[in-house]
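Naming follows writing order (A, B, C, D, E and F), and every chain is counted from residue 1.
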């Protein structure tokens, strides 16, 4: 038996939109260096950037049936997150599904598998992060869960978690932590403005971050010539 | 002993050009989900789209000699298909060979290995799908077959088969099936116009494809809250 | 104990700039088909092209501390070359480090690991060749050598060697050989002008390179029809 | 800040030992085809088979410090489960740590990274499933969590979950489901005794599982000769 | 529509058994260095060696239904060859199917995907060459062709071709060429007896194969000291 | 032009034999965690252990000609180290070459490519560490250097360096450092005897290595229950 959960909690839209404004790298650092999906998750076009509420969808290898089920559970501002029960690069998703998601106000797709019709998706401006681009078709035979927690590209994602994605990849933020992470990201970014200005002016990170003493303690030696 | 076959059958140009107008995903579906080359075959620039008659060329690892032989067998409208006898990512092909192919009216290259000079190839508008981009040079010592059937990126290709390629990858269509596949692709695309319109209007795939009953039979349950 | 070497020899700027004008494929051929880094080293944006003097930096997996040390050793015209002591795809490098390198006149980065903030790096026009794009943060705990020889993406690189990089990948030229390689590349390119013109005019490589006799000696047969 | 949780619930020893008697394939099927770790997790010697309670340990790339912390939390019958915060194949674990775990009655190690001293581990009969065998040493600089849930080789593991491993790989069973899964596995195995006997006697699966009618409905045709 | 072909030609049993006695390397050389499956096809235990007539079976990703269909087409002396329509590492095959194949006199399995129950298969002495070992279960929903030609691990295999496999991997020999290849392999092996004796006696390959002159012509220089 | 260097320095046999007695992990640690070849270099059978003087051999992809040249440069106690100029998994080496090397007293082979005849090599007891096992044959057309430094599986190796290999992989020790590394390895091993005894007796590494205070300083907290 598989389940489709209709009601999921979502984070505050203002918080989600704030997170969308920060890069994945910043959000990932702001929440203590956690939540990244595997580095093989790449955008099908660049630049691309979004944040949204995760609707999670489990699929069988070579079978995209449950994506059709998941579409109905998506609301404006959501991001659809799809993971296969075993590794697969088939083309689970194309322009018709994207049309349907776009009609529902969905912001993008995170697919731990393959997608196709990428030229059309690019023209549509529908952002997708995927493991592969592959035209291989799929069947509609096996059911799975929608809106239960799943592991996608190595990261645990609960329905309603916030997905942040850009050219660097994809990060998940726990719903309950989203507001705090957005605030921490804001502070981190503010903090970087001054740093960037100093680095642009030629100040060295060694001095800006006061690293010289600790490096010496660790045993680093500067010599004029190679031994 | 290796052979170069001079006369190969080719599909009707009108059929080839019709196939060029459909995407790889559509053609692949239209012929019963077969014929795709491996997902690692990627275009060196995007967007790119073509169809043409396959001229097949077998090469030794690290040896591009036979490509020079194959060039002579190419005619306007052809696509050169090259596969090594064991996996290799060397840069078998660069701008001089592209110049030669272009002069003969060849539409593009399918290379189950590496290519180089991709900045120039991009400027020239000569489309290539390859396994790798790698500047590694090759030698000219070992002969192989031209215009015999070969396996390229996991797909069997006969000389004269139709190659269809776009941003989603590469597909081969048997010459004898090309006309029927083009017709099936046309029907499939026509059929999608109405579907796309309905999906844009917010109709769900669940309803459009009448999936609800069969999902329930398989045991799918909708619940309001996660258990 | 780890060492930072302050004074390294560098090739003549005129020679470096000459090498920058040739593609990686040409330079690689001109020096006898050696010096290429692995094909997984890809530019974060295209087109990109540079040449510069290598400043080498060894880092621990998941630890970018030594990059901060290496920045101080960089001079205008240099290229920073970073290799981890064991394979790692973490995001060692982002926009703040790029700001710092740019302020010092560094021409680009060769990173046998991951980088992040690639959207900003692209806007900045700071070219990077890397193994991965990954937002994963790093620590600052372990020291390593700066400006000692290291193996980066399969190639041995000495500080002061010339790095040449473009859309085809990355090549290293020994400092002592740089002038001769630049001259050989110039000759090679000059030699290709005439060849390109002939190929454009439809002359076959088989004839231009006088290959037919040797192919026949090897046993190649041309037949009209497949057997 | 990182946490070490001292008290974790564990499944009943009788249930764990029952699960140890079934293969991973059987347990995985018995719990509805879920819980497998990635196929790259391989035993360092074969045959090997175990079940035990998971003690979970998060490590930084190239840093095995937290394994020393986790050892103290292990009790007889446990299995240590280690996952890095980003992919790494370094040799986190060798014969000294195995000696320590063995002294505490730990049944084996699940390591989503590399291990070393495998000849000695084999002699000791200490079973390990790992992503790699690699002698690369690690540092002790970065802390992480012990006995919090983590994703290991693509599977979510809670402390106290039951780990089942054999030559086919590794499977996790939720603690609360362990007894039911053991019972289902027992039934499944009992059910297979008769099937195996029939198959040995030459009965076809097509008949044993009554597949012929459904295959025909799907459109399968038997023909005497290839078309 | 998919087809199951009942009658396939098979090579002479004496020829097949003769091929079984040669190693894969010898057979591959004897037929002109062709016919090898990809190097990722590895035996689940070593040593293992066989030859047999191919029964070919196409399966969908994550779906082993057609293997049950193919079993019925197998006769004593056959080898079952299974390839998925897109890459998949799921555990398509385990001890029950092996029991069934063994009951029919099948000599082994070539699986371009995953298998499970490898401890039992090893005990049974049922040899398998596969891409992966993975316990992941499969469904029975999608049909495919049995005994039509397919590409398995990069090699084209017709039903009735001879499969030769050992610790070095897997090779296919065309049925029509099997007798000639067996004879060529016999000659090759006879020829190696004397060579091996000479090499054992300390004769150098350089002299045995008379390589020195040609090496010198190519430009090889022997020097006493490194330059 | 390529060179074969006849005279290379070798380390003291007593030192080499001492290094053979330590594991790769110990030697790697004793020399400051450097010198490991990539983790994909695996022994074709286990257990296997050796040390010897490197004779280095560069080969073209798919071309094993230079191995025949290198054999002549090998003396008793040597280890042949072969690296292709671009990645290749072909079967460069089989039982005839092993026979020849064994006749010359060579201790084993390090091959950053494929080998074949592994069943025979196993029977012969000729140890090989390789990237792949693959029956694919090679040609004899292209020359390369013998006994010049090369990069093999990511590590720089000079002729005459000491190669140490066991079930954990392969490590290179600089000839000039071999004696000191052997001494450091001896001390390291002596030092581990007492540690191992204490760990066997149940002393925790946390106490043996006095880690508790530094862990607390880094911010590690022990709690009784998960938060």
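Rule of thumb we're sticking to: a contact is a pair of C-beta atoms (placed from the backbone, for glycine too) under 8 Å apart; a residue touches a chain by one contact, two chains touch by 3 or more.
Here the structure is a predicted model, which is why all the values come from computation and not from measurement.
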Listed pair (B-E, B-C or A-B) duplicating the C-F contact set, over half by residue number: B-E
Copy pair chain B, chain E: interface residue numbering same or different (half cut): same
Centroid spacing, where centroids are CA-atom means, of chain A and chain E in whole angstrom: 42
For chain E paired with chain F, centre-to-centre distance based on mean C-alpha positions, whole Å: 30
Geometric centre distance via CA averages, chain E-chain C, whole Å: 40
Contacts with two or more other chains, residues of chain D listed in rising order: 33, 36, 39, 85-87, 89, 134, 136, 142
Pairs of chains in contact (touch as defined earlier), listed by label: A-B, A-C, A-D, A-E, B-C, B-E, B-F, C-D, C-F, D-E, D-F, E-F
Touching residues on chain A, where the partner in the complex is chain B: 1-8, 65, 68-69, 71-72, 89, 91, 94-97, 99-100, 102-104, 114, 116-120, 122, 132-137, 140, 142-143, 147-148, 159
Partner chain D, residues of chain A touching it in the complex: 33-34, 36, 38-39, 85-87, 149, 151, 154-156
Complex contact set, residues of chain E against chain A: 60-63, 85-90, 134, 136, 139, 141-142
Residues of chain A defined as touching chain C within the complex: 23-25, 28-29, 33, 36, 39, 42, 46-47, 49, 166-169, 171, 192, 195-196, 199-202, 204-206, 209, 211, 215, 218-227
